[in-house]
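The following pair of complexes shares a single chain, subunit A, combined with subunit B in the former and subunit C in the latter.
After this line comes the complex of A and B, so read on.
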């Protein structure tokens, strides 16, 4: 029953959008009526999504999708998240989020109504494309032809609270760019004033913030669930999310800086189209099964071709409009040796080069396989060797960019910055002299701390410190950059100064980690509701009274016969002690210990960036 | 110059789409990597029968006869789909030796599975810890290998075999 409701409302919503699109050129809508239809179709799409969720919650195995991906003894949260833990459901989530964005956009005030309507018509077009994709190739409401009373279960690796919320937030970012795309295209068509830039700014900030949160959640999940001790693997799926993130960053900065320059406006339109194109391209690569990862569910060529077609239409349409309706050229850029505009231009160029470099590394294996029928993989070494050096000058520039002037080459208080940089260089040099020297470690630390220091100097020397909302908003760019600096310090330390120890242990053995004695207390197995767990219990630093317990082990999921590793992590502010329990051989357990310094800084940095994103959204 | 700059994204788009389409149409599946074992000697294995633990099969026992090796398990639903096809093969090619490996399964479950759906295999070897599958580089169940008289792997198929696969890919090799 719920499946029928879901399917009908999905089709009905597509029908409304079709009607809206066609009738625009047949008869004029009353303003109210048009928005009513848009909102109605959004609500129908949501109804469809929640019908599917309902089928999951009540374990309605007459729905084929539920049967394939759920199991009645799963905890409620994974029944709910199971809704998007599969291809069909996640595409419906995609469409629902698209609808939510249209819904809220239809409420935007202080905006030219015909412009708003044109934007929503473009959204309707996207809705139709993705809606048809779902109905024809990925219908989550198919009826199960066999009578069953139990489902096949959700991939155990996805049964994790972090991963339950990761897809909706990430999609919020990806799909959020649809509205930016629509705004930009509508802006090109109408080509009237610059009002759309301010509207686009808000939506691109929202999308970027959500994307940041989504990527961070996925990354944090990989850190504690995959048991490899790292948090970023340059996996194709990660690269796909990083591309719109960097392009979106360039977009947000351009939108902040634009003062009516036509060249930058053109660039903004280009970036808006690019961001959404990259989002759709990512969806294509993952959903077509061209890339394998935990994200690619059953591969199906027809799906791949359909979504490639959508990608081609959307991107081709976007860039074609860009080509034909380019904004008129008038006033030029005020480029100086070093002012705000030139810093922005340089940073944007670097970010685009970085995006293209990642794009090349991601599609290169596809091209090679098509041409030479050989399978290659492009991984960490390529990206580390290319993307990071490209970004370094950008990082250097960002430390001072917010205090650069618009009109002149002068930097206020430049002496303070020079002095700060010299002192910092000396400190970092001393640090690397006493610890083992590593070039990347040195560069990373200097860069990260320099960004933090320069931002702090800027806050205290350029503004009067007051504790008002206005002040928080004014210093927000600096705060965001401090977040980046903190994250860079964390990234550098955790990757360059990571330490690995291997042990073969019996229960009751003691071993030494960084001068602290750790006791391998015992192995425990317990039966949980949907899995069996095996845990090694470790007591960290037993010589102190307050020793901390770390549990590392594995879970066995009987429904899908899968074993997942569950790393044991002791979080401290300056390092993570990361324990992985290996296999038992000759009565000895293999235990791997990773000491990851300053990992917490990465998450702290990201949280600060998200905070800044939210503050920037709230700013008028 | 300006036009060239604006045309670039469209060119890039076209190139990406052409290659992606070529990839999709080539029927390649990244879930099914080419086997490194193709045309190599069959890995050395030793396994006891599902029905009698004293009855042992070794890799050298299958020399001098064409052998079809199939990895299956009672918990693997795609295995159930391809299962009837082995009776077909049995009927058409009685000379072919059918060796099944029961992968990471409970003996009782496996026996019940072969009782319910029938047993097409000449020999069912137990691979309870999955070590034999590891030697063969099994990626996921089911998987099927064809070994020629010289003990070389001449064909490998991942996933359930179908009538098409049987007709167009396996039978020409028999």
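After this line comes the complex of A and C, so read on.
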């Protein structure tokens, strides 16, 4: 029953969007409650989504999708998240988020009404495209042809609280760029004033913040669930999410130029189209099953072709309008050797190069396979050797960029920065002399700390410190950059100075980790609702009274016959003790201990970036 | 007086560089070399995981092979060549820098040069 409601409301919502488009642009009906229809179709799409969720919650196995991807004895949260833990449901989630964005956009005040409608019409065209895609190739409301009492279960690796919320937030970022795309296209068509740039800025900040959160959740999940000790693997799917993220960051920065009346409209429109194109392209690559990854659900060629078609329509349409309706020529750039404009231009160029390099590296194996029928890999070493060096000038620049002036070449208080940099380099040199010297470690630490230090100098020497909201908004760019600096320090330390220890242990053995005695207490097996767990219990630092327990082990999911590893992590502010329980051989357990210094700094840095994103959204 | 400070500073910098070079060229032990090499190899039976990070049987075998070959004094290049002959280029996370991959490796740096030219040309007109 709920499936029927869901399907009908989905189709009806698509119908309304068709009607809006036809009536307005083909038959030219002018009198209609435009916003009412847009909101109504959004609510219908949401109804459709929630009826699918309802089917999951009550384990309605007469729905084929639920039967394929759910099981009645899962905890409630995974029944809910199971809604988007599969291809069909996740596409419906995509469409629902698109509707939510349209819904909220229809409430935006202070913009030209006809401009708003044009934007929403483009949104509803996108709604039609993705809606038809769902109905024809990925319908989540198909009826199960056989009568069953039990479902096949959700991939156990996805049964995790972090991953339950990761897709909606990530999609919020991806799909958020749809509204930026629509705004840019509408801006091209109307080509009147620059008011739309401010609107675009707000929405691109929202999307970027959501995307940041989504990516961070994904990599945090990879950190503790995959049990490989790292949190970023240059996996194709990670790269795909990184591309719109960097392009979106470039967009946010070039929208800053609006403030200095230096906006290059052409470039902004180009980036807006690019961001959404990359999002759709990413969806195509993941969903078509061309890339093998944790994310590829059952692959189906027809879906891939359909999404590829949507990608070509969206990108082709976008760039065609871009070429035909070129924006009016804007002011000449006031590029000096070092002023805010040149810093922003350089930043944009570097980010686009990084995006394109990641794009090439990600699709290069596919190109080679098609051309030479040979399989090759393009992995972490390639990206580390290309993307990171390219970004380094940008990192250097971002330390002082926010205080550069629009018009002149001068840097305020330049002596303080030079002095700060010299002292910092000496400190980092000394540090790296006493620890093992490592080129990347040296560069990373210097850069990270330099960004933090320069931003702090800038805050205290350029502004009067006050505790008002206005002040928080003014120093926000510096805060965001401090977040990046902290993250760079964390990334550098955790990847360069990671330490690994291997042990073969019996229960009751004691072993030494960084001078702290750890006791391997016992192995425990328990039966949970939907899995069996095997846990090794470790007591960290037993010589102190407050020793901490770490549990590392594996879970076995009988429904899908899969084993997942569950790393045991002890978080400390300056390091993570990361324990992986291996296999048992000759009565001894293999235990791998990773000491990851300053991992917490990565998450702290990301949280600061998200915070800055939110503050920037609130700024008018 | 100020110049004096500068000389002192430059001495410190030069000395520290001399120390660093000693540190950099210090002989790496065999385990570190194994780690460095196996981090750039793909575990063929896992999903996008390096041989170093993986504990799969395949990875453990390769680790042993790499270690033995390094002990026998074979160069990293030879070992990679051996592995590519056995398992194909798919095993290398760092694509070979050869004629076929010239585009892959040069692309970012070509873009960088184009970008640099763009900035130089644009800023030429209005230098103060």
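Simple rule for what comes next: the second predicted complex is superposed on the first by the 607 of 620 C-alpha atoms of A that agree within 3 Å, B and C clash if a C-alpha of one lies under 4 Å from a C-alpha of the other, contacts with A are read in each partner's own complex, and residues count from 1 in each chain.
Assume contacts are C-beta pairs under 8 Å (C-beta built on N, C-alpha and C of every residue); 3 or more make two chains touch, one makes a residue touch a chain.
Please read all numbers here as calculations on a predicted model, not as lab measurements.
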(request) Pick one for A:21: touches subunit B only (first), subunit C only (second), both, or neither. (result) neither
(message) If we overlay the two complexes on their shared chain A, which of subunit B and subunit C does A:270 touch? Say first, second, both or neither.
(response) first
(request) Once the structures are superposed on A, label A:104 by its partner contacts, choosing first (subunit B), second (subunit C), both or neither. (result) neither
(request) Determine, under the contact definition given at the top, whether A:375 touches first (subunit B), second (subunit C), both, or neither. (result) both
(message) Under the stated touch criterion, name the partner, subunit B or subunit C, that contacts more residues in subunit A.
(response) C
(request) Would you check which partner chain A:360 touches, where first means subunit B only, second means subunit C only, and both and neither mean what they say? (result) second
(message) For A:386, using the defined touch cut-off, is the partner it touches subunit B, subunit C, both, or neither? Pick first, second, both or neither.
(response) second
(message) Which partner chains sit in contact with A:426 here, subunit B, subunit C, both or neither? Use first/second/both/neither.
(response) second
(request) For A:315, select first, second, both or neither according to whether it touches subunit B, subunit C, the two together, or no partner. (result) first
(request) Would you mind listing the overlap between the subunit B footprint and the subunit C footprint on subunit A? (result) 292, 375
(message) Under the stated contact criterion, what part of subunit B meets subunit A in this complex?
(response) 3, 6-7, 9-10, 13, 16-17, 19-31, 33-34, 75, 77, 104
(request) Name, in rising order, each residue of subunit C that touches subunit A in their complex. (result) 9, 12, 16, 19-20, 23-24, 39-40, 42, 47-50, 53-55, 88-95, 100, 104-105, 107-108, 111-112, 115, 118-119, 122-123, 125-128
(message) Help me check something: in the complex, which residues belonging to subunit A touch subunit B?
(response) 152, 270, 273-274, 277, 281, 284, 288-292, 299, 301, 304-305, 308, 311-312, 315-316, 319-320, 322-323, 326, 363, 366-367, 369-370, 375, 561
(message) If we count contacts the way the header does, which residues on subunit A are in touch with subunit C in the complex?
(response) 228-230, 233, 235-236, 292-294, 332-337, 342, 345-346, 349-350, 352-353, 356-357, 360-361, 364, 368, 372, 374-382, 385-387, 390, 408-409, 422, 426, 429, 432-433, 436-437, 439, 582-583, 590, 592
